[in-house]
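Next up: some structures, all given as structure tokens.
Okay, so chain A shows up in both of these, paired with chain B first and chain C after.
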Partner chain A sequence: MSAANPRLDLTVTHPKVRFWQTLFFRRKIVPWLFVLPILLINVSVVLGPAISSVYYSMTEWSGVGEARFIGLDNFRRLLLEDRSFRVAFRNNLLWLGIFLTLPMAMALTAASLLAPIKRGALFYRLTLFLPYVLPSVITASIWRNLMHPDRGVGAQLSEWGISGFDRAFLGDPKTVLPAIAFVDNWHWWGFLMVLFLASMQNISQDLYEAARLDGANRWQEFRDVTIPGIRPTLVFMVLMTAIWSFLTFDYVWILTQGGPAGSSEVLASLVVKNAIQRFEAGYASAIGLTMSVFVGIIISIFVLLRRRGWEI
Partner chain B sequence: MSANPATERTPKRIGRRRGVSLLLNHSVLLLLVAFALGPMVILVFNSLKTQAELGRNPLGFPESFVWQNFPDAWEIGRFSATMGNSGLLVLMTVSGVLLLGGMAAYSLAKLDLPGSGLVMLYLLVGASVPLQLFLVPLFFLWNRLGLTNSLPGLALIYIATNAPFAIFLLRSYMVQLPRDFEDAARVDGAGEFRIFTGIVAPLAWPGFLTVGLVVSLAVWNEFLLATVFLTDQKLFTVVTSYYNFTAQFSRNWALTSAGALMMIFPIIATFLLLQRRFIEGLTQGGLKG
Partner chain C sequence: MSSNDTFDALSRAMARRASRRTAIKGGAALASAGVISGAALSSSSGVAAQDGANITFWFDTTGGAETAQCLIDNIVNPFNAQGGTQVEATMQPNGWTATQTALAGGAGPDIVVTPGPTYVMELAKAGQLLNLDEAAAAHGWDQTVLPWALDLGRVDGSIYSIPHEVESLVLWYNATLFDEHGWEVPNTMDELITLSQAVQDAGLIPFAHGNQEWRPANEWFVGEWLNQLAGPDLVYAALTGEAQWTDPAFVDAISKLNDMQQNGWFYGGLDRYYTGASADTASSLAYGDSAMKIEGTWFFSDAMMFFEESGQEWGWAPFPSTDGTDIFDLGIGSTYSINARTAAPEASAEFLNYWFSPEAQGIAVSVCGMGPAPVSIPEELLEGIDARQAAMINAVADASAAGNYGYTTWTFFPPKTITFLIENIERVWAGDLSVEDFLAEMQSVFDPELAAGDVPPLPARS
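Moving on, here comes the complex of A and B:
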């Protein structure tokens, strides 16, 4: 990062300099010795297996023994024959739709309501953020109980005369995915709120003053000052939401394992099922690779729009 | 920490119209707080009920406090073993990430590493590769190396996946440090590793603390890798064990609630104690749990 480096003049130039005392060693080799251990670990855990999964996706492989090369057969089976893949893909899209709207709306509302508050701000920030630090298994188990048709919140509501919520949301193929997304969102939206809030607090107060002088109401303030002010954060989180929506796993696996009857299957749960439970490691690699391609497409779209001059 | 005084005092300060509109802000926010905290409060209630009471009164305040649920859940959920496993994983991962990631950050920030742009690019790519892309080959590679069903084997994976975030954050802390101290030490003939452990790391401690907190939380809560790589019951973490525990004792909510509370107690205590650093680290890392 910096050009000149004063310490280099200090190296002793002795007639009998050993290699590890030379300028070359200290300038070129030592810095690499510091990054090498973590790079080696990262390459063997992430990069190496990621590259080899491209090969395995074109094989029939149980995970042990030889992998038999079968070309693009896995992808043909995936895209043309496997009904569960289509269901999973549709569920990932539905997930994306839910997470681009519900948590965004909640987080934007809460953050803009919280931004002008001084006293009690810490209390709100802490309590709204708290669900984010809970492990997914706990969040899932809390809500599995609260959504129980006989003993959950729905049963209580129907006792008070509000019917319609005492249903097994997690057991009905029609409602299962939104129900899982609701649980995930309970723990997620507060995190998004804190991000937006931090971004909103960087907006200059002068802009709000100017808007008020122009007679803007609260909605116009929000639309013309707040949203443009937090745009970089907003766009980044839309991008991350899009990526994560194709990778989501925890809540689906913990709450339903893709059931009932495969109706809440997502791509990530298919990978784990095929790899670990059905010993179809080659096929699972193909699904994993397909997911990564989706992620790659999303990132490319963003890069492309940005090159086209979109302000994102 | 209470929000109520604010609603009473602000109107006088900022003027009537502004005060009234803040009242609206507080009421909406309090509703959202109820949504966030309500389920956790019910969890606390339920952890203190008998199984019979839970049937009659699944959401309300307990009639009497059954503290016995906690030792029972501790025993049946084998919490002493699983907390030990999780703790060990956190310890190994955090020390690995802080030492090896710290070294890499030091090299990138202070040593004019030749090819540092390339290393940063690699880390950026490595951080955005989805887990599902390398999960399958990694599992079978680890299997062949005897690293599945092994805590150090899993810790190695956590170190690798958490490294990019750690290096970026630590580097940004180290870049800001003045060079005077290191240069003085170099004149005195100190080696680079001594300078890293003795001077730069202590000066960049807030960065190390932030990374340590974020990585601890991520490892303590991690589910997918722990489920796949640890199948031996003796090695279950609190999370994977709780997952099986709830499957087995799904009818006994009192017990599972008590277990849940014991599991999240260390997280919530640390979070409340160090909330600013926690939130700062998590929002910088952009991690999703």
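Moving on, here comes the complex of A and C:
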């Protein structure tokens, strides 16, 4: 053995790994970098104002200049003194009741009738969906004229001897809210129908055939096959309808601005009036925050029922 | 006339509206171009401004861009053509909302236009408007702007705005219909009530009123009945806290308004009133389905258009008061101020001085169909306008100079009180609220606003 047996240097030299080449960076940091731009926008235009509105709801603020902190006084006034708030809240509940029943029933019925149709299916779907893509201002203007007591559909029916429809539905406190809901529903239910129809077409035909073999009639097919088959879509739309019912604004504002005599006032129109017309942006923030609380309660109920095992 | 005929006529009239206005503009603009480029521009250069400064001015186009374009073409562009300060005019839909938002964000145009003195107070208190005392002294605005109007622009004693578009509410009527039936134009409220009953008995509608498109129209009637029946002195006293809104004279005034509404005199009934659009009611008046209409002096262009279409004649008269005295409730359509953050305060003031010159305002009235600013406009600058409109402008100016004026709600009432009466008079009409309770609640809304100094400056009664 030679004394000059050189010792092998077995040290492995790794190429230098930079931080952005590490697994940690790729898995934990990179996704956040992709999200960061929209996150920053969201924080600045949604989260920031949302948090600031919590503060402003506890201030006396005109919308310009300094805000004066007054604690919970806006909420005390809202709940104990403001008649308009109570009327608007009641109207939002009525609105919720209308939109959780009428358009749902219409959309489910139409979707189940259209589902088996193959020839001309696209035509029917487009026709019923079309009102949804019209701007609310256009839809409201169309129906404002159609419901006009002198030149609308009612006046024409009256000329043909069918009386009772030549009324100013939007000018009568008893009929104004259902009349606005009718207009809103005209544009809304077609959208619901298309969603339900798309969901129904994912239901296996085997289930319907099995039901028929068991002697199920059309109603039983609908109740025991169709409804369970579209349950996720149905529940999602019930949830969204409930949320949107508390935020409804455009048709009310365009058609009546809450009148006559406050009979079509909703919470969102009350926010606008207080913030813009009365220079009470602080109080308007309190109403807005209350609307968010109502929506939060609805979402919480759904989450709670799911946790308790309800199939929704 | 059938409803279908009315609708057809309405459609035709709407289609012709633009062309008629364009024709007026074309002729009058040529006639006045020399005036504006000479007299107004030389008068506006009395105080040196920043050389070559650029200032911004947003024109509200919510009601249509036609008038704004007319003002730019005939007033702003000649100003720019002289060199020096340049005005960058921008068409701005929802102008007030955009301005309010921009100011809150530390930006906004150099020339700030608001819907009225109430809004100026809020902006001035927030430090967003420039104090115009020095500019007013330098340009001598106390000599050119009517005193009551200049006072209206004051906040805590300092000038922050100049009112624009002096308005008043008057009684418009279908003169052809009056002639056919032998009706006399009423001077007193009693005569008006008697006439309204006669109109209804003839199978016609006394008043062509509707608030579908503009719900604040409610306040026109509340304000007019308060001023004309209870009198402007009592309204002034209530606005300054020396009288109460629950005064029996106010109760009587609002009760009479309620009676007339319950009689179906406002467009045939409450439901019709709530669904009556402005074109519907104007057409109803022009075609003789309705006899009268209580609306602002701004209705002139619509009166011209709809009556030209119907081939009938219109007339106007001061709104009947209790004793027959001619009283005009004064109002302001907008105000002009300077942004506190402007980089060119002197150039902005120079432009305001030009804008409120008699020459520029003569163009605004005669060419663009605007209401006049509260400045004296020589008769020669108003040549060519309809004699009835000229008489109306002169009558309102004379009344304001002589002190025979009342207080429109949208100019002299504080914001919460205005919103209250617009919303809650409908509850009175619906029978949900008594007149006494309505006025008592109005007082409770008004008191804190008075205490907080939110009532706009009131010109003292002579």
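Just so we're on the same page, the second predicted complex is superposed on the first by the 277 of 312 C-alpha atoms of A that agree within 3 Å, B and C clash if a C-alpha of one lies under 4 Å from a C-alpha of the other, contacts with A are read in each partner's own complex, and residues count from 1 in each chain.
To be clear about the criterion, a residue touches a chain if its C-beta (ideal position, glycine included) is under 8 Å from a C-beta of that chain, and two chains touch if they have at least 3 such contacts.
Please read these numbers as outputs of a predicted model, since none were measured by experiment.
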**Asked** Would chain B and chain C fit next to each other on chain A once aligned, or clash?
**Response** clash
**Asked** Does the superposition put A:Gln257 against chain B (first), chain C (second), both, or neither?
**Response** second
**Message:** So in the superposed three-chain picture, is A:Ala268 touching just chain B, just chain C, both, or none of them (first/second/both/neither)?
**Reply:** first
**Prompt:** Which partner does A:Asn202 reach: the first (chain B), the second (chain C), both, or neither?
**Reply:** neither
**Prompt:** Touching A:Arg151 in the superposition: chain B (first), chain C (second), both, neither?
**Reply:** both
**Request:** Considering only the touch criterion stated at the top, classify A:Leu170 as touching first (chain B), second (chain C), both, or neither.
**Result:** second
**Prompt:** Counting residues of chain A in contact, which comes out ahead: chain B or chain C?
**Reply:** B
**Request:** Identify the partner contact of A:Phe279: answer first if only chain B is touched, second if only chain C is, both if each is, neither if none is.
**Result:** second
**Message:** Based on the superposition described at the top, state which of 95-103, 131-139 or 239-247 belonging to chain C clashes with chain B.
**Reply:** 95-103
**chain B/chain C common contact set on chain A** = 63-64, 144, 148, 151, 155, 276
**Request:** Could you please specify the touching residues of chain A with respect to chain B in the complex?
**Result:** 1-2, 5-7, 10, 26-28, 30-32, 34-35, 37-39, 41-42, 44-50, 52-53, 56, 63-64, 106, 109-110, 113-114, 116-120, 122-138, 141-146, 148, 151-153, 155-156, 186-188, 190-191, 194-195, 198, 218, 236, 240, 243-244, 246-247, 249-250, 253-254, 267-268, 271-272, 275-276, 281, 284-285, 287-289, 291-292, 295, 299
**Request:** State the interface residues of chain A toward chain C in the complex, per the touch definition above.
**Result:** 62-66, 84, 144, 148-151, 155, 167-168, 170-173, 256-263, 273, 276-280
**Request:** Write out the stretch or stretches of chain B touching chain A in their complex.
**Result:** 1-6, 9-10, 21-22, 25-26, 28-29, 32-33, 35-37, 39-40, 42-43, 46, 54-55, 58-59, 100-101, 103-104, 106-109, 111-114, 116, 119, 122-123, 126, 128-141, 143, 156-157, 159-161, 163-164, 167, 175, 179, 182-183, 186-187, 192, 196, 217, 220-221, 223-224, 227-228, 238-239, 242-243, 246, 253, 256, 260, 263-264, 267-268, 271-272, 275, 278-279, 282-283, 286, 288-289
**Message:** With touch defined as at the start, can you tell me which chain C residues reach chain A in the complex?
**Reply:** 3-4, 6-7, 97, 100, 103-104, 122-123, 125-128, 211-212, 215, 270-275, 280, 415-416, 418-419, 423, 426-427, 429-430, 432
